[in-house]
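So, here come the structures, one by one.
One chain, chain A, appears in both complexes that follow, with chain B as partner in the first and chain C in the second.
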Partner chain A sequence: MCKKIVILILTVVIGLTLISCNKTTTPAAPTDKEKSTTSEKSTDDTSKTDNTSQPEKKPEILSGTLEIWSSGEELGRFVKGFNEIYPDITINITVVPNADFIAKLTPTLASGQGAPDIFTGESDYVKYLVEAGYWDDLRLEQYQAKTEDVWEYIVSVGTDAGGVLRALSWQSSPGSIMYRRDLALDALGTDDPQEVGAMLATNEEMLKVAEKLKAKDIKMFASWQDIFNMQFSNRKQPWVVDDKLIIDDSMLEFMDMAKIIMEKGYDLGVDPWAPEWIAAVESKDTFCYVLPSWGYQFVVKPGANTTKGKWAMCQGPVPYVKGGTWLGIYKDSPNKKLAWAFLEYCCLNAKVLQDYGAEYGEFVSVKSANHALAKGEGEEVLGGQNPFVFYNEQMNKLPADLMTGYDGTINGAFLSTTKDYATGVLDKDAAIAQFKEDVKNAYPDLTIE
Partner chain B sequence: MNKKPTFSLALMYGFLIILLIVSLVPFYLMIINGTHNSFDIVTKLNLLPGYSLKDNYLTMQSHVNIWRGFVNSLCITIPYTLLSGYFGAMTAFGFAKYNFYGKKFLFGIVMASMMIPTQVTLIGFYHLNLRLGLLNSYWPFIIPGLANATTVFFLRAIVVQSISDNMLEAARIEGCSEGYIFNHIVLPCIMPGVFTMSIFNFVASWNNYIGPLIIMTRNEMYTMPVMIAMIKGLYLSNYGAMYLAIAISVIPIILVFCFFSKYIINGLTVGVDK
Partner chain C sequence: MKRKTKYCHNRKWAGYLFITPFFLTFLIFGLYPVLYTLYLSFQKWDGLSAAKYVGWKNFQRILQDKVFYLSLWNSFRIWLFNFIPQMLTALFLSALFTFNQVKGMKFFRAVFYLPNLVTAASIGLLFNLLFDGNKSVMNYILVSLKFPGAPFSFFNSQVFTSGLVSYIQWWMWFGYTVVIIMAGITTIDSRIYDAAQVDGAGKTKTYLYITIPLIKPTLIYLGITSLIGGMQLFDVPATLSNGNGDPRKAVLTTAMYLYNQGFKNHNYGYAAVISVGLFFIIAVISAFAFKALERKGEMN
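Presenting the complex of A and B:
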């Protein structure tokens, strides 16, 4: 009896090992992929003949399933409209939490099995994905992306070091200082965006205004870390040049500024996205957020209830952009035609983006759509100010794009050591040394002086 | 004489009641917050139920199908817990009561595997499952239950302590096979230990986040922790919906604790030599 059981178990175990060995020797992945590519090819061929007979405009009949991995939900907003044009394309959007997006994406792309046709890249790591070459060249013959009408910034971020365009976006995220009109009128004597903006023209002047507000028991900022969004565009050089870590002087200035704000109590003393930080939209004593367009869309606009109409946008010391999500087509995707149809629909179609911007209040990537939206009525929350007018101006004044693939990690390390310095845990030299140490741990290949 | 015990009793009860409140309040707040909207949650301390339960539920369902995630989690967690309990006990019995060549070495491997954090093996785990063709299935999370090092380690000590060799010899003389001895004599004796480990295994498997996130690519296969993370979104903060989802996800854990804890208390009298 006992022997029989042992023999049985042994056979099962050996059998299993054989099966698994078998699988490793005959690669399962390529056969799978081959199958799908061959099936795709046949549909591709038929649609190609369609395409040559009917140039442009009339959409070709495409069908199939498109797999999209996204770090946010916004892409889902395009699906309904897209399906009106291409009813036979099923779109599966997998939303992967942003913090774990790269962790999930990397092994999948390395193996190639189960990889999505389109995946997004959030600003923190989009440059890494652009340079990694997993995205297809969007200027290839089958795509021929026309980007004249797209903000230069969007194209520049989506272009790799070799000048190849790999990703585009439906949104762009110019920055602003969003402040409370009522508090400005009370403490500064005006609520006009131009005049308030003039009072905040440099970092020093911002701190002066903060002092004025403090006299009235008003906190100038929700969190000093918000200012980093803007300071990020105030640098002269990116974090990494020729594999060497560069700490721009403006970053050192920012550290001191953070310390002053912390010591004098110009902010709420909480981290961004903390409950108190979100709740400050409705507070009686918080003057402003330094946030880009997504900050208005996701923080101020949904949060403002009793403070509707009491908000306004103005420019801070520098015009800036921060954030945004780019889209690219996986280079080995079997569904490139479908993927391009979707990408073109949400990143380059001015009509679609204009409707999208009007519905969701999001500043989009295509200039003509934004200009059309700037003619519309102002926002109730902003007391009639039209954010599109403001953002369009800002986009024209933008400095060069300083993004690198290292940004997400380095920014995190920098903010955390700046926090240690601002709260007095470390002195400035120790904080900078700590920052360099953290960067070295994350990227041992970088030269750090 | 009469007064003193009442006073110390009152003190003891008072202390225990405070402990009870401290441990229950977070659960209570979690459930109550599930009925408030995000804004109330971040601005106030809510002690009474709110009116946003339905809204929160709809928000939650618009992001993910939470009940599907619930079923997925159960499909993984229950077989995993059963397997790790049964096979863990079996391996532990083997290590404790049999002498064979290489026993120390094998047990060394068991010990060593307890010391490797899962994050380190994650990429390897992914590639292994890729080669085995097990991506997008529950198997990568169920099969490892067969070889749960912690369970083996813990139960081995219990077997050594509570099962005497005499008893096994007596069983053999009576004509029991080794399998019969394990199933009918050893396993019932160490059940309290198995239940204790099962609680830990259940909770660990239920809360596994990074594993399912990496292995599964299909939304409908995701487990509860992954779904909860998906509700949060990139810029949005649906606190109400998240609290509701977390409250739902905690239900099985609480049930398992309630159900198994009585066996643990019985476990204080574990063993046969009484």
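Presenting the complex of A and C:
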């Protein structure tokens, strides 16, 4: 009898374990408690909602819980407003640090167990996710994303090689050179963004300005590595074309520029995000940061205290865009209707994005919202300059989207070997050879000449 | 009735029942991942699309992979330069604490142990604050002392960065080693010390010829666990070098290389091979160490 009991217990335990391991036996968790108004008409209403839709338009009544994985905190800012329209949708946002995001996401997607309804992708790996096809096609009938009012760049990055739109964003990150007006006036004789921008029209001229600043004991850059953000858009081709590594001439030029900056001491000699780099916002001897819109939002604006009003933005040698976070709907999500309601709210609703941009100062993905924000007052930190006016101009000048799924690793390898060249550890040929070797090691299937 | 009693008193089955929970947990969270890693090592898989069988290709690659060997050497070197000072410090401090009535000994022991409780990420950031940049704390001190050559670009030096990781590991772990060695010392029968005293042995001789030989199993245990941990070193060098082991892969450990190949470059198959390689090396080292322990047991 005892033996039978033991066998029974073991069988039950093992059976339960196997069930929990076997994904195919897991029921397709009917967590979608969507209580749509059931009529066809109401579904049509949702699909027709475009970027001009107002929250007052009596949206479809939806309820349920939406799981979102994000690599940043910003999405949480939309929840309160979203819940005013959809009070019955509970939004759970799990923030996973960017460095660990892919490590957490890929096994979940591959196994299909516990995947979120919406997940984000940062610029370093967004193309990898876009091409992987785990985000649903946002042009499908149940979504019909209308993107006429979205910056082309955002749509282009969110679109895969087959032309399928997989992801959108609430933000956009055009670049600038953020410089100190007081130091510019002292060393260059003007603090006007147009005039300072004209002095920085090419890489050579930028280095001449650096020399002028050096004469006044001012470091031009916080870190030479910041310039890479800009130079990245100066390429004619992406890092990889037809499975072949392309080292654009502008990248080679950047290596030389980095070396000059290091040798002549035009920067602080620190890596970006080092404490000293951040502290340079308040320094007396650091002229500029070469950073996109998030740099203003997360570095200059919060850091400026005694230097409030002493900052301005101008264009450097090339208009650029760097960074950004995209989001898409998991293809097997049981809550697609809820997910679309949220994604549309964050990424396509001009009114919502205009309010968001006004509150947080972040440049958004929808053109009309940015144009409306450009009519507002300027920023105190920037001495009254309105960054939206500047960013709108920059977005219109942007080159084609040069992002690839390889960018995160290749950029890291390139900066690392450029540093070796700039600090004199390797000569240029050896540095390039090392870079190629590192890329080959990371992506052995690429052709490298 | 007789049969029932026979079964109920058969302890064999009861034993299996008691060990079932452990083995089930082990099978799911221990053995299955190991076997799955072995399976993955024969595949080419980017983490999201379908895996493709590639035979021994990943193994052939690892045999010729210079970065893999470099990462092994890095892990071993960082461990060695942390382990030797760690043992010397711990042996010295444990002798000091055991044979002398040091005032506040418990306080010091606790303080020495404290760095072990701080998370590695915080320690990475802390040391970055101390050394990164011309205006870092250390450069600030050196410049104000008019130290020749200051300020230094510390993190551009391979020797410095590697040495710093070893130092941090030493700093984090020597307190733990002191505690374990002191625990080992307390197991020694005090009559042996009495006998030594009667024979006229001084403190140094007693420690060198009685204490250390008698705590050899503890030392070997510390050596094995430290080496295994050392070969898997990840957190401190990763946070200190932004994950890529700079400068020039000086602190790229095998675990970091594995992580980068898997989760950054999406070569899960190759990452699996690296992990198999690491497993094999640790298994061999452990086997040697166990042999050493066994021999010690036989000698005793």
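Operating definition for what follows: the second predicted complex is superposed on the first by the 392 of 449 C-alpha atoms of A that agree within 3 Å, B and C clash if a C-alpha of one lies under 4 Å from a C-alpha of the other, contacts with A are read in each partner's own complex, and residues count from 1 in each chain.
Criterion: contacts are C-beta pairs under 8 Å (C-beta built on N, C-alpha and C of every residue); 3 or more make two chains touch, one makes a residue touch a chain.
For clarity, every value in this text was computed on a predicted model and none was experimentally measured.
Undergrad: With both complexes overlaid on chain A, does A:T94 touch chain B (first), chain C (second), both or neither?
TA: first
Undergrad: With the two complexes superposed on chain A, say which partner A:G269 touches: chain B (first), chain C (second), both, or neither.
TA: second
Undergrad: With both complexes overlaid on chain A, does A:G384 touch chain B (first), chain C (second), both or neither?
TA: Neither partner.
Undergrad: Classify the contacts of A:G408 with the two partner chains as first (chain B alone), second (chain C alone), both, or neither.
TA: Only chain C; A:G408 stays clear of chain B.
Undergrad: After lining up the shared chain so the two structures overlap, which partner does A:P444 touch, if you call chain B first and chain C second: first, second, both or neither?
TA: second
Undergrad: Touch check for A:W294: first (chain B), second (chain C), both, or neither?
TA: first
Undergrad: Touch test for A:T423: chain B only (first), chain C only (second), both, or neither?
TA: The second partner, chain C, only.
Undergrad: Tell me which partner A:S71 touches in the superposition: chain B (first), chain C (second), both or neither.
TA: Touch partner of A:S71: chain B, not chain C.
Undergrad: Of the two partner chains, chain B (first) and chain C (second), which one does A:G376 touch, if any: first, second, both, or neither?
TA: Neither partner.
Undergrad: Can you list the residues of chain A that meet both chain B and chain C?
TA: Shared contact residues on chain A: 1-2, 103, 107, 275-276.
Undergrad: Along chain A, where are the residues that touch chain B in the complex?
TA: Against chain B, chain A makes touches at 1-2, 5, 20, 23-24, 28-29, 67, 69, 71-73, 92, 94-98, 100, 103-104, 107-108, 111, 113-114, 116, 122, 273, 275-276, 278-279, 282, 294, 297-299, 303, 305, 325.
Undergrad: Which chain A residues qualify as touching chain C in the complex?
TA: By the definition above, chain A touches chain C via 1-3, 6, 9-10, 13-14, 17, 21, 99, 102-103, 106-107, 109-110, 128, 132-134, 268-271, 274-277, 408-409, 412-413, 416, 419-420, 423, 425, 441-444.
Undergrad: What residues of chain B sit close enough to touch chain A in their complex?
TA: So the residues of chain B touching chain A come out as 38-39, 41-43, 63, 122-123, 126-127, 130-133, 135-136, 177-179, 210, 213-214, 217-219, 226, 229-230, 232-237, 239.
Undergrad: Once bound in the complex, which stretches of chain C touch chain A?
TA: Residues of chain C touching chain A: 4, 7-8, 10, 13-14, 16-17, 20, 24, 28, 46-49, 61, 65, 67, 128-129, 132-136, 153, 155-156, 242-244, 246-248, 259-267, 270.
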